[in-house]
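Shared chain: subunit A. Partners: subunit B in the first complex, subunit C in the second.
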Partner chain A sequence: MKAVGARLPRYDGVAHVTARSVYVDDVRVPGTLVAKALRSPHHHAAIKRIDTARAKRLSGVRGVVTHEDVPNNVYGHLEALGIPADEPLLAENDVRYRGQPIAAVAAEDSDTALEALDAIEIEYEERPALFDMRNALDPDAPRMHHWGGVYPHFGPHNHRRVRKGDVEWAFDQADVIVEGVYRPQAIEHCPLETQIALVVPEAGGRLTIYSCTQAMYFSLGVVAAHLEVPLNRLKFVGGTVGGGFGGKVDTASETIAALLALKSRRPVKWRWTREEEFLASSTRAPWHIEIADAVTSDGWVLGRRTVTLHDSGAYARFSPYGVTKHAFHHTGAYTIPNLRFDGFVVFTNRVPTTAMRGFGVTSVSMAVELHMTRIAEVLGISPWELRLKNANRIGDTTANRVAMQDPSTVPVTLAAAERVGEKLGPEYAAMTADRRSGDLLPEHLVAQQAPEGAHVLGNGGGS
Partner chain B sequence: MQLNVNGVSRAVSSPPLTSLLEVLREELAVLSPKHGCEQGGCGACTVLVDGEPRRSCLLPLAAVGDARITTVEGLGAPGDLAPVQSAFHDRYAAQCGYCTSGMLLAAHALIERKGGPVDRDEVLDALSGHVCRCTGYVKIVEAVMAASRGQVGAEPIEQPLAPEPSQPEIEIAGSPA
Partner chain C sequence: MARHSGRGFATIEYPTGMNQNGDPSQAWIKLKPDGRVDVFAGTVDIGQGSKTVHTQIVADTLGVPYDWVTMDNSNSDSSGVCTGTFASRGTFIGGNAVRFAAERVRERILDIASKELEIDAGDLEIADGEVVAKGAPDRRISVADVAGAATYNYGELISGQGTALKPFAEISDEDGSVQVEPHSAVSYAACVADVEVDDETGEVTVTRLVQVYDVGRAINPTLVEGQIEGGAMMGLGLALLEQAYPHYPSAEHRGAEFGTYLAPALEDLPELDNVILENPSTDGPFGAKAIGEMANNAQPAAIAAAIHDAVGAWVTEYPATPERVLRAIQAKAEPRREGKRVIFDEEISLSAVSSNGGAGFLEV
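Coming up: the complex of A and B.
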């Protein structure tokens, strides 16, 4: 443990400050072609016809690909986890967000590649688009996803559910019901290095893929699945990422660059422009979170009802996983024994949303913390004491019934209070994370406590 | 034509309207300036032209003439770091490193111009328009101030140089190019 508390130089620090760090864009391979993508100008449209003949004939164009060239066009990022696939690598029958890739070209230089994009003819039939996730479940909402308005594969349900304790009892007992709606918005990761891949066909048929991915083995699996090649045909090189923040978990550029490299039998580099990065790369999801809490006038939160909408954009990607994390964390740093949670992954005609720093959790943490403060305001009690009272304690169980062994809410809240000079009542100032006992073990919290030494009480899904 | 890059005269044949960024990276394989936006908005492509920071993505080759171009490759090398490079390394001012080249050159130009300690406002002014998505800027500003005071090297850093700002103060302004 020599590293803990020590000041260690970054292992890549000298390389960074001397610009010796090799990012994908810095890899030089002679004869590399430039890739460009034709992206949907519409938010939602049927594709009636794709004609690439003229583009293919242009001099300097070495490869043009559409959905017809992809061995396995529809592959889901989480298919390996049992989440079915819904997203084509290159659009086939329809486009569901502006910026969705339909075709891609590789050419000797970028002007030629752009000229080739212009030469591709596509006939669209525009359809009404849906942008506000709150309308997705309306009967007359534009239908844009073949699965309907929401992702339907949470076991037998069309949404992620948590049922714990007796929420009806809690609302019957409540002195006050405190409601709130919280709407964290989409955020673009905006890494300084845009999405980029360089794919080099090697003698013997392997592909070397220089990738900006944050998730090397994951990307390896996604590319292999689309191309229907064994993993050992692909050699991924990565590790130096010019900022990712979650956005480079999506396999955004490697597969299409690989297709073009196979088609042209030349090295191909695809570097997204800043405009593409803003328009077409995935973002953090916007959420719509509705919370109603059953509280007593002295500040116990007896029960919580939550309905969450998670804007997945046009395809599922990682959203079912994000909403599951959201569900598990929807009581935040606090223990609420009676819960009813319904979380929907909603489809809209926006760019597909994805991982970003605390995916699924930051959104609900923001909502929960604002809501705790709102409860304190409604009751006219200290927001500090409200938090400490309901804080996670050893032996308490989470929304998904995991017994907590070392929850940090109490020590962290006390430390924060000290730093800002907040004076707490003596019974709060003396609190620890220890198991609830005596005055701090009201009846409604007894039932949810795990016996000493227990870890997992029920199945994690809660549904 | 000839291009004077880091003190070496190099022959280039790109068309005159090619951006300096493209010429440096693609023709000369000088890779420290990065493609961040190619629109003058991020600073990742910054190089020094006769000692002044310029955005190479917006600068046509023809406009460079026989000016002296300095890139990070000309600033210092591993084992022989310029003060500003040392300070960035010592003080963790580079995270992913993609904005670092531009930051280093803009900072170096400021320190050279000032010839002595620079203050916080001067750093903020010199680095406005340089976008960093990783660091939150605090360590970058500290590193530039430390470099201007010659406070670089291996000895442990006792305390931050600048008082912690009450709020982020980097202004994302237009391009100075």
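Coming up: the complex of A and C.
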């Protein structure tokens, strides 16, 4: 029997439904301490003083850590992709969002740990906070990030750019220019299993890290970098996660739990409360997307101008990656030959946003598809036929000039139309994904086409 | 008061693997002396079913029964690098890693079987746990006996490793162009949403979602449907219900528990009609493409378009809460026309909201 294509039961399904799968919180190690974090009560404030002396003296407290205890406090999770570090593991001079961790304690029990948090003295000086990404570059906007209002490291630019073809020509030629603003919102990941780590110091000096990460080796690298230890000093145990959706790539709990385990020389478990999961863990980003499309009255999209703002919250985290992916896919399932795109990673005083299912591209779909429906409405043509006409075809090139090998805009659209009984004109019903020719290869789409067999357009297509 | 029905749709695409690549997944496989198969891969199963799918890929690549294969993804000591379960890379990139490892193990099995049968390895094939001579099915040896011979006669641990890695694609910061493809195969989907809108309360009910997904090859159709249906509910949440900041830009009023955060529940479940198309990729395992992330991308715009179809109002700030829908119905805003420009949503634009008309963001 072939396994591929078969409706085989889930490998770990019986274990899941009989509660025998082992999640991090199921692991019990004798002598484990409870960890708790002291988090910023302010959206934005300077930290003038941190005093942990009284907390350390409390009976039952086995470890207290602040930024001073982190060998490498400011480490960028995507430094390998050229995205520099900006976020401290534990806040040092300032806090930039409510819920930002400043100190953490390990104690014999939860009550003692909470008592220790109360005993930590912190002197804040509150600062004005910025919440609307649209105001980040206003002259009077509160300054909250040392890099300025937006992430400045897209090479020489403070935004991710796409320039393709001749946008001025497209807007001159257009019969109609349709402009709209789309605002996908922040949402929570809502995993049933909150962020959690259990770190056990082993006799040989290694740390065993029971982790809920979605990315075991990625998180291994992050913890090792903060602690400045070789990868073999750490053993990650995981692989089974109680819901992630992108929210468990942040390595949110492992490093601080490891620091406390090293400090106390005891096993430490840090399990976030539901309230922390909602209020202090990252969210999907809010986006602000302005699209102007140059269209002809018979439904060709000649060109597109896009300005995208991505609310990164207080630090960059993975946002520059997300905006770059957004840029590459900002035309959706369609071929638009003339493009001007500017995408910004904007800092605000909210919880840093992070990856979530569809990172960077969900926002494209939410904006572009509604915009396409509007174009059809403005032109008075079928939204199905508008999409089929401008659909990606073999040999068309993407925003970043990659030749499409097997695009399925046409097959999936036709299959959906058939399923709901939508009647299409015969020339649309007969469409395929094949390379453009005839009426489907008007002059404005010639230059963007890659030569047959090519994988990248190269310097064709203007610019 | 009246309930109005409407229909909207959306067509989307989604890439497989990390944008710009450079994200390896590694796997290795060993055989026990009875031919049973141990797979070690670092791919985290967050519920999407990668352990199941990887096991299926290994079973068919080797030609052994599915229940001969065990999968260990439990720790970083025994498994190689897997960059992570994100970017819809588990089936394709993680799957290629176990496939490549299994291909090497298959070569070792055939090599030893060739010695045992005294038949050229190229004339042998493996099916259902048996190595069989092509065209001479009575000339055969079980994979179990091959593994036993390797262990006890030839002194070999039959094993193999595989790495899936597409090279990093540099981007031009000036125009966004790349010189190599910055992702693996691209998946496509279309979604048709049928809704009912109550023009007195602003409440939107999604009655039906018809969804078509081209996944290249459904390694496990049940799990593909799980992604499609789970994704549909998340997309419905994005369209109508969920918001971390209910009064964005205000950072207050965040829900702090499931009781104060509106996520979709079974009462919101519409009729779901799933269609799986299989337009195989050239380089994914058995032609597979990604399905994981894209499954919540198409519904929000399809539902928003259906609201417009029902009541003639555009809601472009997500989610389309009853309040937003009612306000849009009452405003019935027409776009401003200026020459050939048709301008929607001006009041929420950068030029309207920022104190300097959007300078710094617009036309940089």
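By definition in this document, the second predicted complex is superposed on the first by the 454 of 463 C-alpha atoms of A that agree within 3 Å, B and C clash if a C-alpha of one lies under 4 Å from a C-alpha of the other, contacts with A are read in each partner's own complex, and residues count from 1 in each chain.
Everything that follows uses one rule, which is that a residue touches a chain if its C-beta (ideal position, glycine included) is under 8 Å from a C-beta of that chain, and two chains touch if they have at least 3 such contacts.
Since we're looking at a predicted model, the values are computed, not measured.
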Considering only touches as defined above, state whether A:412 meets subunit B (first), subunit C (second), both or neither. second
Once the two complexes are aligned on chain A, which partner has more residues of subunit A within touching range, subunit B or subunit C? C
With both complexes overlaid on chain A, does A:213 touch subunit B (first), subunit C (second), both or neither? second
Under the stated touch criterion, which partner chain does A:7 make contact with: subunit B (first), subunit C (second), both, or neither? both
Looking at the overlay, does A:25 come into contact with subunit B only (first), subunit C only (second), both, or neither? first
Where does A:271 make contact in the superposed view: on subunit B (first), on subunit C (second), on both, or on neither? first
I'd like to know which partner A:307 touches here: subunit B for first, subunit C for second, both or neither. second
Kindly classify A:73 by the partners it touches after superposition: subunit B alone (first), subunit C alone (second), both, or neither? neither
For A:243, is the partner it touches subunit B (first), subunit C (second), both, or none of the two (neither)? both
Partner chain(s) touched by A:190 [first = subunit B, second = subunit C, both, neither]: both
Could you tell me which stretches of subunit A are touched by subunit B in one complex and by subunit C in the other? 7, 9-10, 12, 190, 240-241, 243-245, 274
Residue positions on subunit B within touch of subunit A in the complex are 25, 29, 31-32, 34-39, 41-42, 44, 71-73, 75-78, 81, 85-86, 88-90, 92, 94-101, 104, 131-134, 156-157
Touch list for subunit A against partner subunit B, complex: 7, 9-10, 12-21, 23, 25-26, 28, 189-194, 240-245, 271, 273-274
